[in-house]
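Two complexes, one shared chain (chain A), two partners (chain B, chain C).
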Partner chain A sequence: MASLAVRPATRLSVVARSSRMSGRQLIPLVIARRSVSSQSLTPAEANEILVKQRANRPTSPHLTIYKPQITWYLSGLHRITGLTLAAGVYALGLGYLFAPVFGYSLTSTAIASAFGALPVALKFGFKTLAAFPFTFHAYNGVRHLVWDTASQLTNKAVVRTGFTVIGLTAVTSLVLALM
Partner chain B sequence: MSIRVIASPVRASLARPCLGLRAIRASIPTHGALAAPVAVRHLGIPPLIAQPPGGIVGTVNDAVKIPPPDKLHGSYHWTFERLIAIGIIPLTVAPFISDAALAPAVDSVLVTTTLVHCYFGLQSNIIDYIPKREFGKVHDACMWLLLGGTIVTGYGFYKYETNDIGLSGTIAKVWKA
Partner chain C sequence: MNSCRTSLATMSSAIAGSVRRSMTSSTLRAPMVASVRSMATATSEPARPANTPRMKKLKIYRWNPDEPSSKPYMQDFEVDLNECGPMMLDAILKIKNEQDATLTLRRSCREGICGSCAMNINGTNTLACLCRIDPDLTQTTKVYPLPHMFVVKDLVPDLTQFYKQYKSIKPYLQRADYPADGKETLQSIEDRKKLDGLYECILCACCSTSCPSYWWNQSEYLGPAILLQTYRWLADSRDHATEERKLALQNSMSLYRCHTIMNCSRTCPKGLNPGLAIAEIKKSMSL
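Entry: the complex of A and B
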């Protein structure tokens, strides 16, 4: 039975195919052929081409398309303020040691007099710019330490503590800048 | 069981019933000027070590090699980091509210704690942005540079503390200027 079922089907398909084929054979087919050239490359040379091509390819956006959220904004800001403060600390320590090599002296009187000579608005601006990273990093650091006690780890608590840190930072840096 | 003599690596890849990944991977240079970084998130200025495709070291059946457990760089490091961070909190205000005789000593403690805190923080940044897997020797050089820089900065602050008025003194002076 199985063999009987197969044969007519194949015959039909063969018939169908042959009729199609005969129709096709009546129309002359013109195929334009391009000659393809190839060159032999060593694996190292092929890799070189690959590296060069990768430089021409675009990369997918990531930070630019991620939904702004207080979680990763504050996390990034914590890192950036930390790096800024560390740069300042290292600059002061190394600068005090190596400034005389370049003909400058970084004593506290020199820094204070240079800062005092600035107009009041600029002094206020600089003080705010210095106070903001310090206060934010300090308050957010406390937030991190709270998380290390396995507390305030729900989404709501993270948002709540995040906005608290932002509020405290704004108030404290303003107070410090006005001092 | 017939003993098959495999003469060349190409023959070996054909004889094995697998995808022949070894032959393909063997042809991609993994070190040197022709190294191909798989996904360059950064400028890639120093020659980066090419990563194996899919991050697979060895074959797909090999277990991932994890570093051996080390309490000094693991849990003790974490605890010490948090202790330093907690210690810094009162120290940020202490030098400004202590009397003139004690202020340099308190300020020295603040500077030391701050430098250790900065050292740990910058170490994390090097591990994140200059990973050893991609940068190799440059990563090690950065770590040693950080350690050396921290020690030299510590010495600089020692000089600043003894010859001048220290970190909190400078901040107070500049703020009032």
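Entry: the complex of A and C
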């Protein structure tokens, strides 16, 4: 089945009207008419146009336009806090191993004494910064484990458990930072 | 209801007007018989008070494949809500009819059952024919195509891969044998109830294109819509191919790219729950 390529074009055409109009004579009329010219294509040629078109197609926007929702925001936060905690574990572990090479010590006594020398506000700030990823990831992790049992997977339950995790995270981080 | 009737009357008078306009250029003196198909008659049109127009602002994503080097852009439109039906599809078609005929979209049933008009409206994926226009005139409604899909033109995404993925799960009954009397494969009422919430999927792709995991892994992850249908066949008591279907999911990508983000169930315009279905599949795979 050959397909037609269609291009818009404006053409003037002369049309003679038949005697559909009762009692009228033949009236030649000049009509300015917008018509299309068509070009025959084989299926292979048509497919080529399609293939060329596909190469230029943009991807529709996603992260930038999708409505912020507790669903994907908390999921992203779970991933980010997980990466942060993992990076922290690596940093602390490798740091503890290699700090003596540079003349420093990352033993718990060394960290405790250096930390104790900081002003109270900074101590509280650092503790919150450390507590928040840990508590959020822990509580949201429990939420994920519950989901794996195929429970609490309605829209309402997702929102409810989501806000519960946020609330628990805030409270627990505060308590840990104040200790 | 009133606005529906009014828009129908407006449309039919617009059609009549255009017919009359095209006729005057060619038939000059013949008495014109207005053979216009119209459902509105003089008596059925209610007397409307002259309302001040309620102009709603819309921003719609545009991209033309005939000018491939030009970047996609957002075009501003304004629609008088007094002359428009209540749903987003009414507004978009009104724009296409009256303001910019090149605006391209998919649409068909206008009642939320075909799944053609799936698009991203104000940030969430839904069917335009089921999405009410926000009457708050201070807010601009943004209309985008389904997220992270190749755009064919304007609001039309390329769903070829989506359909290929659907075909790949073999969405049909597979049985070793059929009833000897040649009549239907029987199913108890309880077993039929297990299919509720699964068979109603219209494959609009709203859920799959709302899933960030599907955004990043579309070529290998099946996505919530297809996995919902996979579960529809896994849960069907009449199907004998359960083990083969589960075997097809036994890899790191097809099923297990789901990280329970739950954007899918949140956005489903038919109220279905793909997230729950996927959780049930994961359970049946491991237990």
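In the analysis below, the second predicted complex is superposed on the first by the 118 of 179 C-alpha atoms of A that agree within 3 Å, B and C clash if a C-alpha of one lies under 4 Å from a C-alpha of the other, contacts with A are read in each partner's own complex, and residues count from 1 in each chain.
Here is the rule we go by: a contact is a pair of C-beta atoms (placed from the backbone, for glycine too) under 8 Å apart; a residue touches a chain by one contact, two chains touch by 3 or more.
The structure presented is a predicted model; accordingly, all values stated were derived computationally and were not measured.
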Chain B versus chain C as contact partner of A:W72, first or second or both or neither: second
Contacts of A:T154 with chain B and chain C, given as first, second, both or neither: second
First, second, both or neither for A:S108, with chain B first and chain C second: first
Contacts of A:T164 with chain B and chain C, given as first, second, both or neither: neither
First (chain B), second (chain C), both or neither touched by A:N56: second
First (chain B), second (chain C), both or neither touched by A:A138: first
Common ground on chain A, meaning residues reached by chain C in one complex and by chain B in the other: 54, 79, 144, 148
Contacting residues of chain B [partner chain A, same complex]: 27-29, 34, 36-37, 40, 82, 85-86, 88-89, 92, 114-115, 118, 121-122, 125, 149-150, 152-157, 159-160, 164-165, 167, 169-170, 173-175, 177
Chain A contact footprint on chain C (complex, rising order): 25-30, 61, 63, 65, 68-69, 71-72, 120, 122-124, 142, 144-152, 157-158, 210, 212, 215, 259-263, 265-266, 273, 275-276, 279-280, 282-283
Residues on chain A engaged by chain C in the complex (per definition of touch): 15, 17, 21, 24, 27, 29, 31, 53-54, 56-63, 65-69, 71-72, 75-76, 79, 144, 147-150, 153-155, 158
Footprint of chain B on chain A - complex, ascending: 43-44, 47-48, 50-51, 54, 79, 82-83, 85-86, 89-90, 92-97, 107-109, 111-113, 115-116, 123, 127, 138, 141-142, 144-145, 148, 179
